[in-house]
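Each of the next two complexes has chain A plus one other chain: chain B in the first, chain C in the second.
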Partner chain A sequence: MYQDLTPEKISLREWSRQFRMVGDSEIRQFKYYNNDEWGIYLSPPATFMVYGSRQLKKLKFDNSLAALRLWGFTFNESERLFRARQSGKRIIAAMGDLGTVPVIALAFPDCIPFYPDCTWWTPFFNESTVLLDKASELGTPEASCFVRSTLAAFHKMAYFPKPDILFASTGASCDDYSCIMQMVEDMGYELNWLEIPFRRQRRSLHVPEEHTVAESGFEYPKRFETYLVDEYKRVWQKMEALTGTGDLEDLNASIEKNNRIRRLVNEIKDLTQTAAVAPFPALEMMIIEFGNLYGYADIDEWLDILKMIKQTIADRVEKGIGVLASDAVPLAWVTPTADPLLLNIVEDLGGRIVATEYVINQALTTIEEGIEPFHALARSFMNASLIGSTEERVRQIARGVDSGKIAGVIITNMLGCSHCAMETRLIEEKLKNVPVLAIDIPAPLGITAQLRTRITAFIEMLR
Partner chain B sequence: MNDMLTSRERFGLLVIDEQPDRCNIMPLITSHAATVKGMKLRDYYTNGENMARAQIATVEKYEHDAISIFSEVGIIAEAMGSEFEYPENDLPILRTPVLEKKDIEEIKLPSPRADGRLPVYLEAIEYAYAALGDRIPILAYIPAPFTTAMMLSDPNKFLIQTIREPSRVESIVDRSLAAAIELCYHVIDAGGLPIIVDPLASSSVVSPKTYRQYALPSERKLVDFLHRYDLDIILHICGDTSPILDLLPQTRADLISIDQVNMQQAIDKLSSRVRIIGNYDTSRLAFSTPEDIEAEVRYMVEGALHAKKGYIAATGCEVPIKAPEKNVVAFIDTVKEVGWYWV
Partner chain C sequence: MNLIGYACSYIPVEILSATGLHPYRLLHGAFDLSKEGERFVRVDACPMVKSNLAHVIKNQAKFAALIGSTGCDMSRRMFDILAEHTKIPVYVVNIPRTDNPAIYNDEIDWLAKQLEHFTHKELIAEMITDEISKWEARRARLRSIDIKRAAHPSLISTTDFHKLMSGYHKGALSDEITQHQDPTDKPRVYLLGSAITYEANHILQLIEEKLRIVGDFNCGLSRPLGIRIKEQSIDGVKKAYYDQAPCVYKRPHQRYYEFIKAETVRLGCTGIIAWTLDYCDVHEFELQKIENVLNLPVLRIRSDFSFQGLSQLKTRIEAFTEMLCTRI
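Our next item is the complex of A and B:
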């Protein structure tokens, strides 16, 4: 039986050496969709590097079996979606809302939701301009967000199968992404749009109306819940039409299952962020957080992986061991980085991520149980950080700063991402009590020595 | 029609049982790349950067779907102690097999980063991967244990030993398997997808009984090892493999590359279990005309395109070093004309 070694971050080659100690029976033990023929996924990073994920040669990985399972599972997602289709499951593309539509889709039998938007990481993991170049050929301007790689993926149909149904959000959503989805629609895909309202705060110029407060402290007009309930019911009806079935008890069950994941991830985050020594690396933690969106296309297996990760982290915390030095500088990370390498670099240079604001709050907060399910989903969604004012976002980040656990804040700003372009500066200005480093994420392979120097200087200054 | 996918995307779909835009085109363009680049063969197979640059130039010229890092099947045997001559404009020639000088127990396992020309191969893989690894599979040819075993020995003696001294042959093959596995570790970390080549296990060389006794078990062990990595493994055996077609799935290879075999027979026997690669006659590529090649390749592809588990259009063996470039172009262009799935 494989035994975890002393925790550390190791290279792809080191993982390959360590993989020799993993037994065949352990490899066969983990599988998605419970399939023995093609569902086995416990491979070292080298496997995915051989198939084109070139950045894996540069990344460092946690050396636990749980982390190996995490990487194998997430990197297998593209194949998993195709296998899902081959085995008769329905593929549900949810886009832009980041966390709610999949909860509805998972209430229907043999339906596999996923986010095509997440293709924005592919050019970075592959260190490749293939998708970005194709997106340009298809008409997206170069100065648009990396999410434009999604358009190329829809065109190529080599990264995920053609979805059976597509739901796309508009309104208070990422505007670049919204434009990309319109171009996907122009390709002939039938999109089912749902609109996200802008979360208005109470202001004197507004017509007086009842307001309420979301779990994360954001205030909003109560009638937005009713509005979103109607939007989600439209999603439900479309799913009923697609599958010929629909039972609200199944939606309650889906909420319950998604909550299990959300609670588990919150527990993992708490353990990791509050331990004396960082027990798990920031890159793996980002992948864990984003799993809340849809469970990487096999939510049951994902739940099992999270349990294993939590156990690994809990063991390390109990022993007081981890993957970073005990004097690593505690940082908050605002807006997810498109380039995963950056998380590695910040840790290598002495930083430690103890708080994150990856604009997916709506997928991190638990959904109320025991109330009408669409209403619960609507209330949960109003925790989203991207649908309100920058001021609200700043306040939320500032709460972490004021708690004293954060020495500095890193904000990543995506090339061409229009809301980033405005918001990063505003956050930088308004966060008064803490040093802030704003980083423009360059195109794949674009991390320069100069950028490393800026991060080094920032961490040294904090120290 | 224009390609919609990169070679990497195309191969990726094939190995998960999805039809790509068109069938993959992977003629076994190995040392022919030196000709395309205008390079002396010795400069090709003794320098990894040269080998990679020649392969890259060849892919840019022909626009086929794989880079093939390979020159000849003696590389592991050489790293284990067999001695080869390096003619300036020919492939290495086995001069002194190591077992003529040492006992099997004395033969060391090679270190792929240090011994023989294995570092050349690894350098070639790394160079090609860094240059094009996001767009095209980098196939790294690994001599199978049985073939390496014969390159460690005097081939004639070895063939006699397969009958008279089976335990000795088994120990040589086992040693060769260990060396192949060690090489594979490094090939994978360099970014190469191992493709197992076992030309000396061909029915043109040994009997089906010998194949079943020695070659097949070692091929299967190597495939099993590579399956630990969840890699999709190609097995190529040159020459006539008709007598052992039924045995090939037992290797558990995911893709079988055939040479002098009736394609329809191969499809009938194999295509529900493995993907088929093949099998245009390389002598035709050397000596025929583009017009004849077009007609013959069209016939081949139309017959094999819809093989149940998938098909890769390829030559049956290595593209001859001096094959006329216009003939190779004719082969590839014809597949690109008739090999479409997405219409």
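Our next item is the complex of A and C:
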């Protein structure tokens, strides 16, 4: 039986060496879609470097078996989606809403939801501009979010199988992606458009209107829920038409399962962020958070991986051991980085991520159970990061600052990204009690010594 | 303090005007204003948004209220910043991007209620009817001028027409500018893309030294003229505004292209001028499709409102004109 070593962040080469200690029985134990024949995914991260994720050779990884499982599983997703197609499952593309449509899709048998949006990391993991260049060729502006690589992925049809159905959420969300989704439709894909309402804050000058409060404490007009309910019912009907089935009890069960994941992730975050020594690295933690969107195309296996990760972290916390120095500077991170290497760099330079706002708050909050399921989904979505004010978005971070848990804030921006352009200064103002470093994510392979120096100086200053 | 600032073609000017305040569309765009706006947002924000921010903050004493919309992301977020940096009451209306009239109708009702409360003035049916009559008459007059712009030969330049439309957008109910006829046989082109701001007249002038813009689909120009209120009530207002030629941000956007295509044919245009502002995603993403769908030569002009590259732009316009003349 494999025993975890003293926690540390190790290189690709070290993982390959350490992988020799993983027994065959363990390798066979972990499989996606519970398939013994082709569902095995545990392999050293070097495997995926060979397949094209060149950046892995620069990254450092947690050395636990749980982390190995996480990397193997998440990097295996593309294969998994094609396998799903080959084995007769239906592929459901959810786009733009980041967290809710998959809960509905998972209520239908043999339906695998995924987010093409997540292709935005691919150019960085692959250290390649192939997708970005293709997106430019297809007509996207150079100065737009890296999520434009999604368009190229749809064009190339090699990163995920052609979805059986696509749901595209637009409205109070970022413009870049709305435009990209439209371009996907122009390629010939049939999109089912959903409207996302703006979460308007109640102001003292407003005429009172029936308001309600989301789990994150955001107030909004109650009628906005009904707009979303109508949209989610349309998703349900489309899914019924696609699969020829549909039982609301299955939706309740899907909500319950997604909640188990969300609670588990919240517990993992809480354990990690509050421990005296950081028990798990920031890069793996980002992947854990984003798993809430759709369970990386096998929600049951993902749930099991999360349980193992939680156990690993809990053991480390109990022993007071971890992967970073005990005097690492506590930082909050606002807006996820498209380049995963940055998370490694910040930790290497003495930072520790103790709070995040990765624009997916809607996927982190639990969905109410015991109420009408579409209402529950609508109420859950009203916690979304990007549909309201900037103040709401960074409220939790501001609280962390006020309580002394956060010493500095890093904001990552993408050139030309509509919300980044408008929010960064306001975030800096809202977090005026703490130093803030705003970073522009460069194109793949674009991290320079200058950027490292800025981060070094920021962390030194905080110390 | 009698202006009510608004930022979207879907906000009914009749309702704003019924409050007794003076509707003023936020359509500022000048290099110096844009630079000032960078105090509040990153450099890669839309230059019109930056200019509007700077203009409103500088002139806040003139604004009684601001009406925002979810039209484009940067514009929506601009009101977040204005609420933060001014004491002007801000109301942001959900304008659906998909075909969802129910949301639009609810939101316009909400806006009317807010404005009644804010101005302590009930927007009774007669007031709305009166405003509809006034603004419809204003639009009818502008339409009659637009017909001259579209005539063969075109009798009015868009440079002049823009001045008239700027008056409309600034809330003027009568023409303060004398229009003079300027018939021309220059190549006829259609203008589309980002907003033509109050300060962008020189760009139109530059284009029209060689070409004649006979139609457009830009905020700041003729877009409101497509609004025709048939039913003299607030429901009639909502229907007319909702049914206007759809903004390019509507999803899906087929109707936008159908409209543009029909217009270029109707007006006998031989070329397109695609005007985009830096970082204006909504329009920049469309450029390739515009070329593919409209099947006409397209001259792309991208601007940050600076005069940098003016000579180059002049040369490009000349080359485009020569190309159109050769095709003809």
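In the analysis below, the second predicted complex is superposed on the first by the 455 of 463 C-alpha atoms of A that agree within 3 Å, B and C clash if a C-alpha of one lies under 4 Å from a C-alpha of the other, contacts with A are read in each partner's own complex, and residues count from 1 in each chain.
As a convention for this text, contacts are C-beta pairs under 8 Å (C-beta built on N, C-alpha and C of every residue); 3 or more make two chains touch, one makes a residue touch a chain.
These numbers come from a predicted model, not from an experiment.
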Superposition on chain A - do chain B and chain C clash or fit: fit
Touching partner for A:C179 - first (chain B), second (chain C), both, neither: second
Superposed arrangement, angle subtended at the Cα centre of chain A by chain B and chain C, nearest 10 degrees: 110
Touching partner for A:E209 - first (chain B), second (chain C), both, neither: second
Touching partner for A:K57 - first (chain B), second (chain C), both, neither: first
First (chain B), second (chain C), both or neither touched by A:P435: neither
Which partner reaches more residues of chain A (counting touched residues only), chain B or chain C: C
First (chain B), second (chain C), both or neither touched by A:G246: neither
CA minimum distance (chain B, chain C), superposed complexes, angstrom: 20
Chain A-touching residues of chain C, taken from the complex the two chains share: 39-42, 44-46, 49, 70, 72-74, 76-78, 80-81, 83-84, 89-92, 94, 96-98, 100, 102-103, 106, 110, 113-114, 116-118, 249, 251-253, 278-279, 281-282, 284-289
Chain B partner contacts - residues on chain A that touch it in the complex: 12-13, 16, 19-20, 24, 27, 38, 40-41, 43-44, 46-47, 49-52, 54, 57, 78-79, 82-83, 86, 126-128, 130, 155-156, 158-159, 161
Residues of chain B touching chain A in the complex: 4-6, 8-10, 12-13, 16-18, 20, 129-130, 133-135, 138, 185, 188-189, 191-193, 228-231
Chain A residues touching chain C - in the complex, by the definition given at the top: 138-141, 143-144, 168, 170-176, 178-183, 185-186, 191, 193-195, 197-198, 200, 203, 205-207, 209, 221, 223-224, 227, 389-391, 413, 415-426, 429
